[in-house]
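Can you keep this structure in mind? I'll have questions shortly.
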Amino acid sequence: MSNLVNEFNGYRTKMNEVILAKDNLVIKRLWNLDTNTYAAGALDVTTKELLGLVASMVLRCDDCIKYHLGKAYELKVTTEQMYEVFAVANIVGGTIVIPHTRRAAEYWEELKNNE
Amino acid sequence: MSNLVNEFNGYRTKMNEVILAKDNLVIKRLWNLDTNTYAAGALDVTTKELLGLVASMVLRCDDCIKYHLGKAYELKVTTEQMYEVFAVANIVGGTIVIPHTRRAAEYWEELKNNE
Amino acid sequence: MSNLVNEFNGYRTKMNEVILAKDNLVIKRLWNLDTNTYAAGALDVTTKELLGLVASMVLRCDDCIKYHLGKAYELKVTTEQMYEVFAVANIVGGTIVIPHTRRAAEYWEELKNNE
Amino acid sequence: MSNLVNEFNGYRTKMNEVILAKDNLVIKRLWNLDTNTYAAGALDVTTKELLGLVASMVLRCDDCIKYHLGKAYELKVTTEQMYEVFAVANIVGGTIVIPHTRRAAEYWEELKNNE
Amino acid sequence: MSNLVNEFNGYRTKMNEVILAKDNLVIKRLWNLDTNTYAAGALDVTTKELLGLVASMVLRCDDCIKYHLGKAYELKVTTEQMYEVFAVANIVGGTIVIPHTRRAAEYWEELKNNE
Amino acid sequence: MSNLVNEFNGYRTKMNEVILAKDNLVIKRLWNLDTNTYAAGALDVTTKELLGLVASMVLRCDDCIKYHLGKAYELKVTTEQMYEVFAVANIVGGTIVIPHTRRAAEYWEELKNNE
């Protein structure tokens, strides 16, 4: 099993528990809302996940990128489609997005190689 | 005819001419590449425009937002779909995206009211 | 009456109505949550408004800054306290925050001169 | 003793020495000014540290966050107050602040568990 | 005489006076330090102004850009050199820098046409 | 030989190969263009690399910083000049640039100590 994927999911789960245990109402509601945002609506789930991914890439948030890569993988997004999302992010956000694209590409390979 | 839409397009065209007349090769190629990025590929043109839009929204670039709103309008994106893109941008980017959402909503109304 | 303050509040109210009329659930809930965030809790309301202000300043969102300036004014924050918030924002965010500080200072003067 | 806290402080001290030894006047003065910014004035020290913290969170600077968490801990900020600062940062800055909130929460636990 | 240039300088001078009159020590010292940063040293003044300009462009601060364009103009930077700075900013920062490049190009034309 | 430098270059080369093998035309062309951007023109190569460096610093992209530090080192930029670039970045971008300056200083030491 992939190290990168397991590590990311493990840390994420552990720390989400720590945070939610503090019972801050605003944080709990924001996190619920976050889940709702990507539910099927006028746009389908895959489009929404790719919107979340490209937004995370131009804002250069590696963990957010990993999260949406995991979701996109489950939704059967192809590697060719994925790299077109990477291309939009690199053009809009510039070459500072490249290092994040490298880490995204690495994580995507691990998701694919788990198959 | 809408003032906001005309003003944006007019200024954009005028200044693009000034810039391209300087013949800087890197800028000219980047702008060409920008056009290629949104061409149909493994992802369709509408999805790509919405990716460009959400990226512009979280990076809070009003003129970039207007450009992609214009394109999305031509591609018959519905208001309901558009607001789901706005929702992703607001959740990922936070409440600092709200003022840009106001201006995006205003521009979208003008595009629709031109009909 | 101040032009800057009236213009800001007028446009904000008008566009919020346009947006909320579209009935996007995520946006509506996020906006509600935004209001809850600044309610009194373990921290008092003034501290929370100043936190919202400094966050808006380093993220360089002029309209967000105006909103929190208006709230801070209602809460009787003094000019001396206000400029200490400006100072934190300028040190953390650097000289790119200066132009936003100019506009914040102008808006603050108008709020004070309305008295 | 906590690993995270020691590592952060150790690396910070070591590299600050390397940088200050180069005797760049602008950097030395900026760092002095940084210290002055958080001194008691019209706002008390705790409020100022929380302003510095929320600014660091929305700008997503993990090391800056750790620094202000350490200071806030010394100033006896409670966990409930701390999570209200986290909430403001998450609402203003959006879900891209969540991964930084996870690392902030982890560091805060280590500070508290050192007691 | 150019409207853009006069307006920018006039507003800047007026608001700097308002801010400095409040006598916030941190802000005053930061502004002094800002001036020192661009003084001749191991790097010459023109290089330093261009560094300040490109930093302002990728951070997308229109007023900061105008300030450094004014300085670069006084230092006899050529249009060809200027567009190479624009090119670096557009490549590093991506297409979201384009609208700021349009406004920078417009301001540069006004500076040149004043001759 | 330096660990930091080798690690950075090794990972960069490995992931660039993975990405380029996917044959996404936009990404390939952007990367070519990136190389062209720093070629000698109206501005010399060293000035352009320093522009790329300061842009990377204010955008707080550690890997981009390392890349330009490596280039600047090859171009015989002195430590005194380098710290003047760091100073511009810290003033324009604020104290959130400090942690990135620490890592930049560490990498620069390793480049120099390899001699």
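Labels for the chains are A, B, C, D, E and F, by order of writing; each one numbers its residues from 1.
By definition in this document, contacts are C-beta pairs under 8 Å (C-beta built on N, C-alpha and C of every residue); 3 or more make two chains touch, one makes a residue touch a chain.
Predicted, not measured: the structure shown is a model, and the values here were computed from it.
**Student:** What are the mutual neighbours of chain C and chain D in this structure?
**Tutor:** A, B, E, F
**Student:** Of all chains present, which has the mean Cα position farthest from that of chain A?
**Tutor:** If we average the C-alpha coordinates per chain, E ends up farthest from chain A.
**Student:** Once chain B is fitted to chain E on CA atoms, what angle does the rotation have, in steps of 5 degrees?
**Tutor:** Rotation angle, to the nearest 5: 120 degrees.
**Student:** Could you label the chain C-chain F interface same or different, taking same to mean over half of its residue numbers are used by both chains?
**Tutor:** same
**Student:** Could you see whether A-F or D-E has the larger number of C-beta contact pairs?
**Tutor:** A-F
**Student:** From the mean C-alpha coordinate of chain A to that of chain E, what's the distance rounded to whole Å?
**Tutor:** Their C-alpha centroids are separated by 37 Å.
**Student:** What whole-number Å value describes the gap between the mean CA coordinates of chain A and chain C?
**Tutor:** The answer is 31 Å.
**Student:** When the centre of a chain is set as the mean of its C-alpha atoms, what distance in Å lies between chain E and chain F?
**Tutor:** Using C-alpha averages as centres, the distance is 23 Å.
**Student:** Quick check: how many Å separate the C-alpha centres of chain C and chain E?
**Tutor:** About 26 Å, centre to centre.
**Student:** Out of chain F, which residues touch more than one other chain, so two or more?
**Tutor:** 26, 30, 33-34, 37, 55-56, 58-59, 64, 80, 84, 87, 90-93, 95-96
**Student:** Take each protein chain as a node, join two nodes whenever their chains touch, and name the resulting shape: line, ring, star, complete or other.
**Tutor:** complete
**Student:** Spell out the residues on chain E that touch chain B in their complex, using ranges where they run on.
**Tutor:** Chain E residues touching chain B: 60, 79-80, 83-84, 86-87, 90-91, 95-96, 98-99, 101-103, 105-106, 109.
**Student:** Which residues of chain F touch chain E once you look at their complex with the stated criterion?
**Tutor:** Interface residues on chain F, with respect to chain E: 33-34, 37-38, 41-43, 47-48, 50-52, 54-59, 64, 78, 80-81, 84-85, 87-89, 91-93.
**Student:** Could you pull out which chain E residues touch chain C in their complex?
**Tutor:** Residues in contact with chain C: 11-12, 15-16, 18-19, 22, 24, 26-27, 30-31, 34, 55-56, 59, 61-64.
**Student:** Provide the residue numbers of chain A that touch chain E in the complex, in ascending order.
**Tutor:** 58, 90-97
**Student:** Hey, which residues of chain B end up touching chain F in the complex?
**Tutor:** Touching chain F from chain B are residues 25-26, 29-30, 33, 36-37.
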